[in-house]
Amino acid sequence: MKGWIIKSCLIIGIIVLAVFLYIIGKEHIVFVENNTFTIDGKIYEPYDLVRVTLDGGEPVEIKKPRGRSLGRAKVSTTGLNHKVLVEILDDDDNVIESKEAKFKVKNNVEELLLNIPAMMNDAEGWVANNQKTIYVENKPFTVDGKTYEPYEFVRVILDRSKSLEIRKPGDGHTGMDKGTVTDLRHTLYIEIMDENETVLESKEVSYTVEHAQTKLLINIPAVMNDLDGWLTEYEE
Amino acid sequence: MPDEILLKMKNINKDFYGNQVLTGVNMELKKGHILGLVGENGAGKSTLMNILFGSTVIKETGGFEGEIELDGKICNFESPFDALDAGVGMVHQEFMLIPGFQAAENIMLNRELTQRNLWVDVFGERLSLLKMEEMVERAQKSIDTVGVDLDAKTLVSEMPVAHKQFTEIAREIDREATKLLILDEPTAVLTESEAEIMLSVVRRLADMGISVIFISHRLKEIMQICDELVVLRDGKLVKEVPTKETNPEQISEWMVGREIGGGPAREEPIKKIEEMETVLKVRNLWVDMPGERVINVDLDIKKGEIFGIGGLAGQGKLGIPNGIMGLYPAGGTVEFQGKKIKLNNPRFALDSGMAFVSEDRRDVGLLLEEPIDWNISFTVMQTQEKYLKKFLGGLIKWRDDRAIAKLAQEYIDLLEIRCTSSRQLAKELSGGNQQKVCLAKAFAVKPDLLFVSEPTRGIDVGAKQLVLDTLHEYNEKYGITIIVCSSELEELRSISDRVAIVSEGRIAGILSPTAPLKEFGALMLEA
Amino acid sequence: MMEKIKDFLEAAGWPRLIIGLFLLALFITAPFVEVNIFTSLSDVIVRFGMWGILVLAMVPMVQGGCGLNFGLPLGIIAGLLGAVTSVELQLTGLGGFFSAVLFAIPFGIALGLLYGVLLNKVKGDEMTIALYVGFSSVAFMSMMWLKLPYKSPDMIWAYGGSGLRTTISVEKFWYHALNDIWTIQIGDHFYFPTGMILFFAFMCFLVWVFFHTKTGTAVTAAGSNPEYARASGVNVNKMRIISVVLTTVLAAVGIIVYEQSFGFIQLYLGPFWMAFPAVAGILLGGASVHKATIMNVIVGTFLFQGILTMTPSVINNIIQTDMSETIRIIVSNGLILYALTRTITIKSAKVKA
Amino acid sequence: MSTLKSKDNNIARFFINNAVPILFLLFAVLAIPMSDLSIEYLIAEMITRLARYSFLVLALLIPVIAGMGMNFGIVLGAMAGQIGLIFVMDWSIMGVPAFFLAIIISMPLAVFLGWMAGIALNHAKGREMVTSYILGFFINGVYQLIVLYSMGAIIPIGNSQIVLPRGYGIRNAIDLVNLRKSVDRLIPLEIGGIEIPVMTFILVAILCVFIVWFRKTKLGQDMRAVGQNMEVARNAGIPVERTRILAIVISTVLACIGQIIFLQNIGTMNTYNSHEQIGMFSIAALLVGGASVAKASIKNAFVGIILFHIMFVVAPRAGKTLMGEAQIGEYFRVFVSYAIIAIALALHAWRKNKEAEFARRSLRVDTEEAPGTSK
């Protein structure tokens, strides 16, 4: 009996340990952005040069986005609780202003995004999930009384990598599909096809996402007809 | 206290598949007494002990009738472990020791003194640590109680036989429980001096209040240390007496003595040995056959006689034919028909006209995986190139399956071998018929001299008679000289012209089959 | 007759039945998955012919009581030496083939003798040791191939590197020397390598003959029960050596037949894994570690090679992925494992030195 | 006379056991100059390889105690370990946590495989070594079935870094960037420019302690008993079969950990090859260290690893200077690896038979002068 208790405790212990290891060992990719951002209407301007140190690791220096520099750096880290130290530098690398902040990550978040300007200004949501879920619907779209019908069969390619095939709603089809993309700037490529997959019409559009947004909805008829509001926030 | 009864065995019956090996055996053993258990091989000693020790063979062969009462408690042991728990210890003839272990480790085998640690709770008892020092101490103590000078740290592999024996005994008495100790021929493997020590040890155990059942063929020893003795014969208890009230002669008579007249001695006239010429001359023969060692044997076998070699198991009678036929390392001089025989060379023995029916049918006597006809013809084919068709001037020696089948059929009819066909596999035959095949194999060689070991071992009565008759017939008809080795005395007496008794690897004496039984008994036992 | 069938089924044991049915199933499904049944059938037959003798090479040793010959590569090496020599001498056609065989035999005998002597020293552990003798001999020869003084431009590296090539084409020499004798070609799919099959049959016959001679009988007996053989005046060790030599020579011949059909001589680590399909084959045929018949060889080789040829074509067409290699590994080793873990005692373990 | 015999054996055993290491020592002494490799380099190499292989080689010891010979089945453990690694790679776990998580994941698998292997070997008493060898191949097939065909298809594996482009099955080579040398470098230490993988050695040390301790436990004692004489052990009430299975299970689990250590040190995992050679190399090393099929110690393991791997590193270079060809050396080490096993096994079997014979002859000693003593 005693043996059993101890055994089960041991097993539970091991499982707990495993979970613990999983959490502290899990890799998170952090994009540190020194970029122009608009968070609920307010615009944050990037700095000329910032030095960012994440969890006391290797510091990275990020210039203002100009020419080749994208104004961002990719840092990899593990664990849930993080500390970021930001130093604003002038041309001859003197620290003008520095600031330290802590933030948490959800374990299942693969990539996240640190918005330096926002952080410096203590704006809400300067930490955001860099993974965006794009919901694509092939459904009727109505704007001032006029309704645009969905297409029989559509292939959608997100960021030239993830491809979705969506049929018209009805007989088993929802007319809806989703894919995840990372980052803010995206492309959307649409092919309208007939039954034997010959492309009748195709179109590519590019769009950017507000970095606080994580779920977006795209309506294909709207896109094809260049109607505003083809890209909206998605609500369940 | 001393006269308190420890063990009662009440009317024990046991049969192996119909043939009765124990019938209505009753015996008693007092606390601290030594009981001598004597009897010929197959008298049922070991079966009785197996029952007492709860050996699994008994259960597997359908258990036994009667009841065993130990310390007033009825007990029926499922396995030796039950017996051990109940306080019955047994020291077998073959040692149950691990060579690479110290005496102490062996004595405490699977009863080690251990010390718990946290791993025990997780992975169970077997991860507790051994307390070596204490084990050695304790082992040493039980060795000392046995009263021999032996360091508990010595490796078994480096011990002389006697010490192994003592180690086993020490193990048995180390169990606090042990009240009864069964010793199966403990002195058989020991030298005289070692045996002396052993006896004193047994005596001491008895004085400590442990009862002992002492099995031995050496009546001297029995007389020397036993308080009572029990004689078994043919599965019946023929006598239970205090040793003081008897003597070796009596005992041996009880042992071998058959019902009045002492069994059928040979009827028809015995050949005039003196007048016959010697065909086989054996001098200073030693044979190193495990369990049947022959130390030094001289023999003169006459042409055309049937010569019986008797003696108890393990005394060396089987070693003689095996040695002469070259199956086991042997030395000394053997002359057959005036020609000196190269020893350790079966082929030579066969070529010079001798043949052998081995006691070990399954491992030596037969090709179990092959058909009867192969079994019968193989030896003669290989040694005498018979039953072969030669092609390309003997370059290809083709097996003549037809001739072989014919030969096999002959013997199948002649010896009434019961089988579906001559192509039946040997392993599918009954013991008796297998034995007949072995005989056929030997006869097929048309030998001048034939060794037969244990011709009737493990075969039913009917087959027994037939085998013996066949031997007899071949001796009569073709004048083949036959040497029969058997543990069954009356069998030897029924067919032999002379019977030699082997004891401790030497010829104890040669008697006429008609000689009184007690003489045989004396030769067998008074080594 | 009825008896015979019953015996066969008993002897067959479940692995043979299962594999047999599986193979049948494959053949039945073949047409439905656009696999040409005739092509695959003749594939099976060709591979059967290629492997037949290599599998046959197991028989003498098993019968002699030395267990399964995991040391097959040793014999194969003898064969390779023969083949390479005949190529060196620019011998072509049937002549080239048979000369290869001829050259191979002495090597086979020599190696076999050594091998046999070794195995007599390690009675009871033959199989384990055979395995590693095979491996190490292959590695050893790999060194030799680099150094042996063969000069033929068809065999040495054209430029750079020294020693023989890893694979040598016999195209110009005795490619299909046997296959093309009396070949039967039905349609453009079915093809029957009569010559090779006949040669295999002939080899089977020779082995059959051997086991009907006095010596062969003695070998069988020595394997079946060494003690009995010894008691009957047979020199067991000698018989074991004979069986090993025979095995080695057969392996040597076998590989040459294999090559003439395959078209290439594979040197270096080529023979490394050759033992396993052969072992698996004979076991599938129903042989045990201490008994094997020619029937076992024929049935086993056909079934096993059948599986190996059919599974890729059929299974792959069904599940659209090439799992043949994996299936081969599982089937062949599974069979060997099955044979090894069946509770049987190897007689030779009981032989007294 | 029995003492006389054993003394005799001790001498024989001394030579037979040490012939192999001595041979290799000589080889090293001769070949090292020829290879003109710097001693520093060799030392560095040896340290790395000790860190790499010790655990695996030590995993072989326990079945030897239990009389089951060299357990080629450690490849089963290796496979389990690799499956564990595949998962942590898929979940992109980093560094030391990844290492231990991999162990935890693969452990149950290792136990299961070991248990099966144990059962199989109980059915092949006396043939353990071939059987475990074939078992390795067989399970390898199953492993392929799982890793190459069902991972990504049936078993969810997302990480496109490790999954084949076709969408299922794991790539042939996985870059273990996450945990390369993570354990080795956990406690950084450098002596004379040579990096010492302290943590790894600590783990090895722990294992050694475990083995020493284990020999002193009841279970260890039982294994020794079973290893020497199954019948006696059984009669003493020791559960022989179970004990043997446990021996294999422990060995497999250790091998599983060993493989993970091995791979974190190498830094890349050849999904379908890394495990294959493990059994052979480890066993060869152990035998080179002077172990026999029936007797192997921790000392044997370390000596063996060093000698065997000196040969391994030096052979090609030596081959080049000697024969003007590195290839020779390449084959030479393959040859040695297998030959050494063949020789060791042969010697063992041969000695077994000889000893049986000797035992009988010793019986005869006292019968020989018997003719004199009698009459």
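When the chains are written out, they are named A, B, C and D in that same order, and each has its own residue count from 1.
Here is the rule we go by: a contact is a pair of C-beta atoms (placed from the backbone, for glycine too) under 8 Å apart; a residue touches a chain by one contact, two chains touch by 3 or more.
Values in this document were obtained by computation on a predicted structure and should not be read as measured data.
**Student:** If every chain is reduced to the average of its C-alpha atoms, which one ends up farthest from chain C?
**Tutor:** Between chain C and the rest, the longest centre separation is with A.
**Student:** Taking each chain's centre as the mean of its CA atoms, how far is chain A from chain B in angstrom?
**Tutor:** Between these chains, centre-to-centre, one finds 88 Å.
**Student:** Roughly how far is chain A from chain D, going centre to centre by Cα mean, in whole Å?
**Tutor:** Distance between chain centres, rounded to whole Å: 48 Å.
**Student:** Distance between chain C and chain D based on Cα centroids, please, to the nearest Å.
**Tutor:** 31
**Student:** Distance between chain B and chain D based on Cα centroids, please, to the nearest Å.
**Tutor:** Comparing mean C-alpha positions, chain D is 46 Å from chain B.
**Student:** Spell out, as numbers or ranges, the residues of chain D touching 2 or more other chains.
**Tutor:** Residues of chain D never touch two or more of the other chains.
**Student:** Any two chains that touch count here, so list every such pair.
**Tutor:** Pairs satisfying the touch definition: A-B, A-D, B-C, B-D, C-D.
**Student:** Quick check: in the complex, which residue numbers of chain D touch chain A?
**Tutor:** Touching chain A: residues 88, 91-98, 100-101, 104-105, 178 of chain D.
**Student:** Write out the stretch or stretches of chain A touching chain B in their complex.
**Tutor:** 2-3, 6-7, 10
**Student:** Enumerate the contact residues on chain C facing chain D in the complex.
**Tutor:** Within the complex, chain C touches chain D at residues 70, 118, 121-125, 127-129, 131-133, 135-136, 139-140, 142-143, 146-147, 161-163, 268-269, 276, 321, 323, 325-327, 329-330, 333-334, 336-337, 340-343, 346, 349, 352-353.
**Student:** So in the complex, which bits of chain C are touching chain B?
**Tutor:** 209, 212-218, 220-221, 224-225, 227-228, 230-235, 291, 350
**Student:** Help me check something: in the complex, which residues belonging to chain B touch chain A?
**Tutor:** 121-122, 124
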